[in-house]
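Quick one: structure below, then a few questions.
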Amino acid sequence: MKMSEWTPNIVVFACNWCTYQGADLAGSLRYEYPPSINIIRVPCSGAIEPEYIVSALKNGADGVLVGGCHPGDCHYKEGNHKAVRRFNLLKRVLTGMGVEAARVRLEWISGSEGRRFAEVMTEFDRAIKEIGPNPIGRDGNA
Amino acid sequence: MKVGFFVGCNTAFNRPDLEQAVRFALPALGVELDDLEGQSCCPTWGTLPSIDLVGWCALGARNFALAEEKGLDMVTVCGSCYGSLAESKHKMLHDPELKAGVNAMLKEIGREFKGTSNIRQAVNFLYKEAGPEKIGAALRYRLDGLTVAVQPGCHSLWPSEVYVDPEEDSFHPAVLREMCAALGASAPYYSRLTDCCGMGGMRSTDMERSFKLVLTKLASIKEEIDPDLIVTGCSSCLIQLDTAQAFLQKDRLIDYEIPVLHYMQLLALCLGADPQQITGLAKTNVSRVVNRIRGDENE
Amino acid sequence: MSNAIAEPQVIDLSLGELDLVDEIKELGGEELLECIQCAKCAAVCPMALAGFPFFNKRVIQAILIGSRETLLDDSSIWACQSCNRCTEICPRQVRPFEIILAMRRVAVREFALPTLTTDGLKSLFDVGHAVYLKEAGKSRKKVGLPEKPPSTLAHPQALRELQAIMRKTALAELGIIPMGEAEVAGSCEV
Amino acid sequence: MPRIGVYICHCGENIAGAVNIEAVREYAGTLPGVAVAKDYLFMCSDPGQELIRQDIKDGLVDRVVVAACTPRTHEPIFRKAVEDGGLNKYLFEMANIRDQDSWAHWNEKDGATEKAKRLIASAVAKAGLLEPLQDRFVEVTKSALVIGAGVSGMFAALDLANMGYKVHLVEKEPSVGGNMAKLDKTFPTNDCSACILTPVMVQVGTHPNIELLTYAEVASVEGSIGNFKVDVVKKQTYIDWDKCTGCGDCVNACPAKAPNEFNEGMDNRKAVYIQFPQAVPKKAVLDLDHCINCGKRSIGTQPRTHSVTGEPILAPCEKACKTGACDRSVAYDPAGERVTLQVGTIIAAAGFKAMDKAPFKEYSPQSPNVITSMQLERILSATGPTEGEFKRPSDGKKPATVAFISCVGSRDKSHHSYCSKVCCMYMLKEARLIKEKYPATNVYLFYIDVRTAGKDFEEYYNYCRDLGIKVIRGRAGAVDELAGDRLRVRAYDVDMCAPVELESDLVVLATAIEPAPGLPEMGRKLGINCGGEGFLKELHTKLYPVETSVKGIYVAGCAQGPKDIPESVSQARAASSSAAVPLTLGKVVVEPFSSAVDREKCSGCGICVPLCPYSAISREEVDGKLRARIDEALCAGCGVCAAACPSLAITLHGFTEAQIQAQINALTIGAGGGKVV
Amino acid sequence: MLKLAYLLAGGCGGCDMAVVDLSETLVDVLPQLEVVFWAPTVADVKYKDLEAMPDQSVDVGLVSGMVRLSEQEHMTRVMRQKCKVLVAYGACAALGGIPGMANLHTKEEIFQTAYFDTFSTDNPDGVTPQTKCLVDGKYELTLPEFYGRVRPLHQVVDVDYFIGGCPPHHSFVGQAIVAILEGKLPPPGSWITGGKAVCDVCSRNPGQQGGERELITSVKRTVDGAPEEGKCLLQEGYICLGAVTQGDCGALCPKVNIPCRGCGGPIPGVKDFGLRAVSAIASSLADEELVDQIPSPVKLFYRYALPASMLGKKVK
């Protein structure tokens, strides 16, 4: 595949109470961001299993972003606290396994941060384009 | 302590007596001066800042690099130098891309901007490092009974976020007033204290309009305080207020003349410097005030 | 109230050069579009107080409607004192002074700059000082100082460093500074 | 094999304008398990819903995917349609191809179309694995909590109380009344604020269904709609309110002074004080921070005895008290008293704070004659520090010239970027009050824009201008102090194209409406997000303006954003109606998206137990082995336990591991990810 | 009579020892077994003997060890062809095992270390293993190819059953063999195990002691002092993987103060042992900072299961 033809495939796990709302708000305010962003709605960032992230990567997603509520704002009190611990430990494992750290990202985006949602997604898409296609699944890794 | 003395253009060429005042007053208060050999223009607003953002910062950064290499802060008596250098540093520290661009340029002359040295405005520097009390105790002559009007100068006030001595309420600056009080003078508030003097780009572009600002300012000073002396914190304000009065008198817009000195000149005087060396280039008649301060009035 | 502008000209909005906005943003006036024309900056702008036709608020509005020529035909932008009081008080964090600087950069690229500015730039290149009085040596000596300050003026190697940097700026591209060997200017007072 | 129906909405032009509906519908028809793929102009309309109902009735589909707007607003509508068609309503999934696709990628039509395909594939993949779920119902405690007893909170409480429900009304100040009690007159009718508010305060104080908890704050909130458990801390008053009659004798006797908050710090109150004369409840409070312990009578100590008379030496306040309410020998607990309330619904009406003048250095806030609008309200009010006399603070002289400055802290990125909405009108009102009472006063208003949108507001503006109030378009840039306590306002008159100066005796800053201090913290206790501006966020700006993201918790008044009194009252009454619905029904539906343990798989490791924020998980013995158990009534469905379970024994219904995995596969492998092309 | 074939692929032979450890139990079952092939440790049969047997003629085949060499792949395929039931026996065969950690390195890196860099290596000609080489100019020798990665058995052939453990505990081996003999087997693809975690049988499980689990407030290494008697190791801060690991071993390690390292393999249904451990352990940390105190997380969580993980090997 020529690089010029390649557009990233990005999976975003969005907490129903903040980042998912933030994405809705971004849309209703018509803030643009790349269509490479694909959202999967989850009730809480604390419901995201490490397997989801790795499985997306293994399937060839070029970037995975977890979007949760700002610390202290979790709809379920502390689901995002669990999410950040898992994410950070997973990130250590992934980098140890040779996955570029920039391919996975955790962001706190609230329901009122429509603009920020669009900005973060645009930036993430740009960052992923910079590091190029995900080699996993393309070189017989799994 | 030791600092680099950033002389700038106006002080060096227009008012070297002010330069001499700094070279007298700071060492007298125990501050050793380093010449930062090879320093240049800050560069001032109407030049590179108006042409090329990176070029502006690169020239400023070169001056900073000279100080950084010696591990010194820089002190200046010129508001424009203070403003231009402080702002370029602030920009470079907050924009890594800009800093990298500047350093790419500096690399070719074997220098690097790190951001470790500060540019300090002389009056605020003394206020913080020596303090009014220590200064008061070191004086040979005092200004008791003298009323002065202060002109801190815009560039030591705004934008407050770029300066390293931001404890002042920039809309109600008190440092210069306190520093004059430390010399024994009374330095009352007047309502146009923070107004601009009209020097700089405006004077070069349209001298008549520039003098309009001085006139408004002088009127407020004369009516509200009627001081013996105007004291500035900035060499540009010094030049403007010192030279504009003759024009205004000629045009019969004012019928008075208030002597004008930079604070560092006044301080050097109080510390016993030779008046001729440190005030000798004033256009306003400062000798009466000088004599009064030194008790030479009857000589 | 004498300084109110008495003779407004009709401006044909359809002739506005709307790309001026992008140009300004590119040249350092990033926050331009945050301006809501509240006029707070104008309330304290020395240029407005001194009666210049254009100053922070009006420069911004002229840029917003793309009135490039109006700004280039007038010397107001060069009269800005850089006092930065507008930067301090602007409720929208527009940094109006930066926009004036950016507008100057636009003007320079169209060679719409005052002679004094050109002289100052040349002097900066020639001796390292934008403000330079050739006769100053005498007055320096008079007050007991060496003829030259410890700057680029007294240190030729340092001047060469400065010139090396300046040759990499837009000045050289614009041809404002000489590309070859320097010829020392007389005096220049900006 | 499930038979999935995919229904694609055009949303008029909203989706169809960016997404090629025809291409997407064709693609959807090729997805595994899809039996029917249709599109319609407005899927949420009755004919649109009928398409779904009919296909279900015809036996064509047994799972439904609607590709339309956001499930946050439309999921309930389509679930109802699915149920009406005869299917379990949870056999439904939405693909958000409007808010998260066409709207965001309007200028990339191809990208938007491809993304719509992926999102639908993802929804279809999940739909194939959906399982029927049953709603749960919980009994509702038939009482409500209203937080904040300003005009919004009081109306909300009264409405609910009048419907016959028990209402707990919690207010942090000693009296109800809120900010409105401080106002002099109110626009657009210029009613006296006290005249219209005090009767409401009395009603609130005497209503048999309202339990007033003033000088109290919410400490914690647990539970969910129908059954909230709320801990309230009643702050220590150091006066026995059961005995206090509000006579004010202790106040008169007290020699210690403190700045008077009710008068915006412009005069002093006593250390023991009654918040204001019309306070409800009219009870005294002792402010220990300012009490000087007269006669060495610190709280909780026995009085010394007079060496001659043998009488106990009492502090003036307790000596003056005839009822024994003020007794300093009582060892009061400084922490106050904790009360636990059980309520079915909650209304948050915590109000606002008008900004202080201190941050606005360019306006010389150090001058006593530079005041905020709220301070002017107190000066104009008959109960204020000047008893309604128009006097300036520095010397009590009547100002001959007054300047108002608008948008102070509003539309200001350094403070609040929003418009505070009420300032234009309250400035006009204050200007008018001055001008009507003292027609000779020169009144200048410095504006950015005059915004008087509202019923009868423009008429009000015109009336004010007729009074001779001068409106200058141009935001003031500086206020200088002049001799004689005068001030110089400097502005640029946009209409005159000239800088202007005005010497004035009084400058009034129309400071911004900002969230009450502690609002974000309260939001966290309630589980409601604050928006970027710091106000409590409603569920949906247009459709669900009083609901919040937490079911059973509603919002009213300025806690949700700046608004005037008419709007606050409207919203309060809307919130009370909404909050009454669950109370009236007596039971509420709880979505079945809770977690459940498969005991066959559970190893009893207990990892899940401490993770549950609702303490819903415990372990119990089953055949001699420990196994986890989730109390469905307590489970809120966050999924933290399911995601952490080492044995994969916990399933989060509605978001199962298999369903999400199917979505991931659809979005990646299904979209060509991971393949070398 | 049940025909049994046993192949040691890329393993250490420890699993074979576990079978021997059955001692008397082995004596009981031996009369019912006919060992047709057990290479290379027990019976003297050659590869060609197995290759010569008719397809599907062996009732049960056990393979221990992982697949790294072409020889191992070949023999594994032969086993699959000849055996009706094929069992991945032990951590290496089931998950990749300890040798699987080599998947964090490329073949080149491994050769560099093994044939050049180590202190005791003397290799002046820079020789590395070749698949063919000529000895004395006339004897052509062939060597198996060294693959780029370690694979567990199921990544090479279809596997009917999995048995974990490093080595599998002997009592459990017995149970498995009995189950095979009695034909009481779960559906193909399953683990022939209890399916419960070590915690289920561990006396240190806080629940076993009437208490309840709490969040972990510190992270310790086994060298950092000794755990309190009887207390849950994980609770004490020692990263014990007992909650994530099948406990057919009877929690032997925790009994002697050793945190479970996961040799029993994941609970059936778990796709990726390490990721389950990440989720369970990270969720249980009281403090966010503790995440960074967990030492070498890849090697800790994938000690036995790296090749069977979702990523399988280090990404380039």
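So that you can tell them apart, the chains are marked A, B, C, D and E in the order they are listed, and the count of residues begins at 1 in each.
By definition in this document, a residue touches a chain if its C-beta (ideal position, glycine included) is under 8 Å from a C-beta of that chain, and two chains touch if they have at least 3 such contacts.
Bear in mind the structure is a predicted one, so any value in this text is a computation, not a measurement.
Participant: Strictly by the touch rule at the top, which chains does chain A share as contacts with chain E?
Facilitator: Chains in contact with chain A as well as chain E: D.
Participant: Which chains sit in contact with both members of the pair chain D and chain E?
Facilitator: Both chain D and chain E are touched by A, going by the contact rule given at the top.
Participant: Find me the chain with the mean Cα position closest to the mean of all the protein Cα atoms on display.
Facilitator: The chain sitting closest to the overall C-alpha centre is A.
Participant: Please work out which of B-C and C-D is bridged by more C-beta pairs in contact, and write that pair.
Facilitator: Answer to which pair has more contacts is B-C.
Participant: Using each chain's Cα centroid, which is most distant from the centroid of chain B?
Facilitator: E
Participant: What is the chain whose Cα centre is as far as it gets from that of chain D?
Facilitator: E
Participant: In angstrom, rounded to a whole number, how far apart do the mean CA points of chain C and chain D lie?
Facilitator: The computed centroid separation for chain C versus chain D comes out at 49 Å.
Participant: Rounded to the nearest whole Å, what is the centre-to-centre distance of chain C and chain E, using the mean of the C-alpha atoms as each centre?
Facilitator: Between these chains, centre-to-centre, one finds 74 Å.
Participant: Give, as an integer number of Å, the spacing between the C-alpha centres of chain B and chain A.
Facilitator: 53
Participant: Of all residues in chain E, which are in touch with two or more distinct other chains?
Facilitator: 276, 279, 283
Participant: Two or more other chains touching the same residue: where does that happen in chain A?
Facilitator: Within chain A, the residues that touch at least two other chains are 49, 51, 55, 58, 82, 86, 136.
Participant: Can you list the chain D residues in contact with two or more other chains?
Facilitator: In chain D, the residues touching two or more other chains are 362, 478, 611, 640, 643-644.
Participant: Just spell out which pairs of chains touch, all of them.
Facilitator: Listed by label, chains in contact pair as A-D, A-E, B-C, B-D, C-D, D-E.
Participant: Going by the contact rule set out above, which residues of chain D touch chain C in the complex?
Facilitator: It comes out as residues 362, 407, 411-415, 448, 473-478, 490-492, 494, 496-500.
Participant: Taking the touch rule as given, give the residues of chain D at its contact with chain A in the complex, in rising order.
Facilitator: Residues 70-72, 96, 98-108, 111-112, 114-115, 118-119, 122, 523-524, 527, 529-533, 537, 549-550, 593, 611, 613-614, 636-640, 642-644, 652, 654-655, 657, 660-661, 663-665, 667-669, 671-677.
Participant: Applying the document's contact rule, which stretches of chain E touch chain D when the two form their complex?
Facilitator: Touching chain D from chain E are residues 195-197, 199-200, 205-208, 212-215, 242-244, 247, 267, 269-270, 276-277, 279-280, 283-284.
Participant: Provide the residue numbers of chain D that touch chain B in the complex, in ascending order.
Facilitator: 361-362, 364, 366, 478, 480-483, 488
Participant: Note which residues of chain B are touching chain C in the complex, please.
Facilitator: 7, 9-10, 12-14, 16-17, 19-20, 23, 35-41, 43-55, 58-59, 62, 80, 83, 87, 105-106, 108-109, 111, 154-155, 157-160, 170, 194-196, 198-202, 204-206, 209-210, 212-213, 216, 274, 276-278, 280-281
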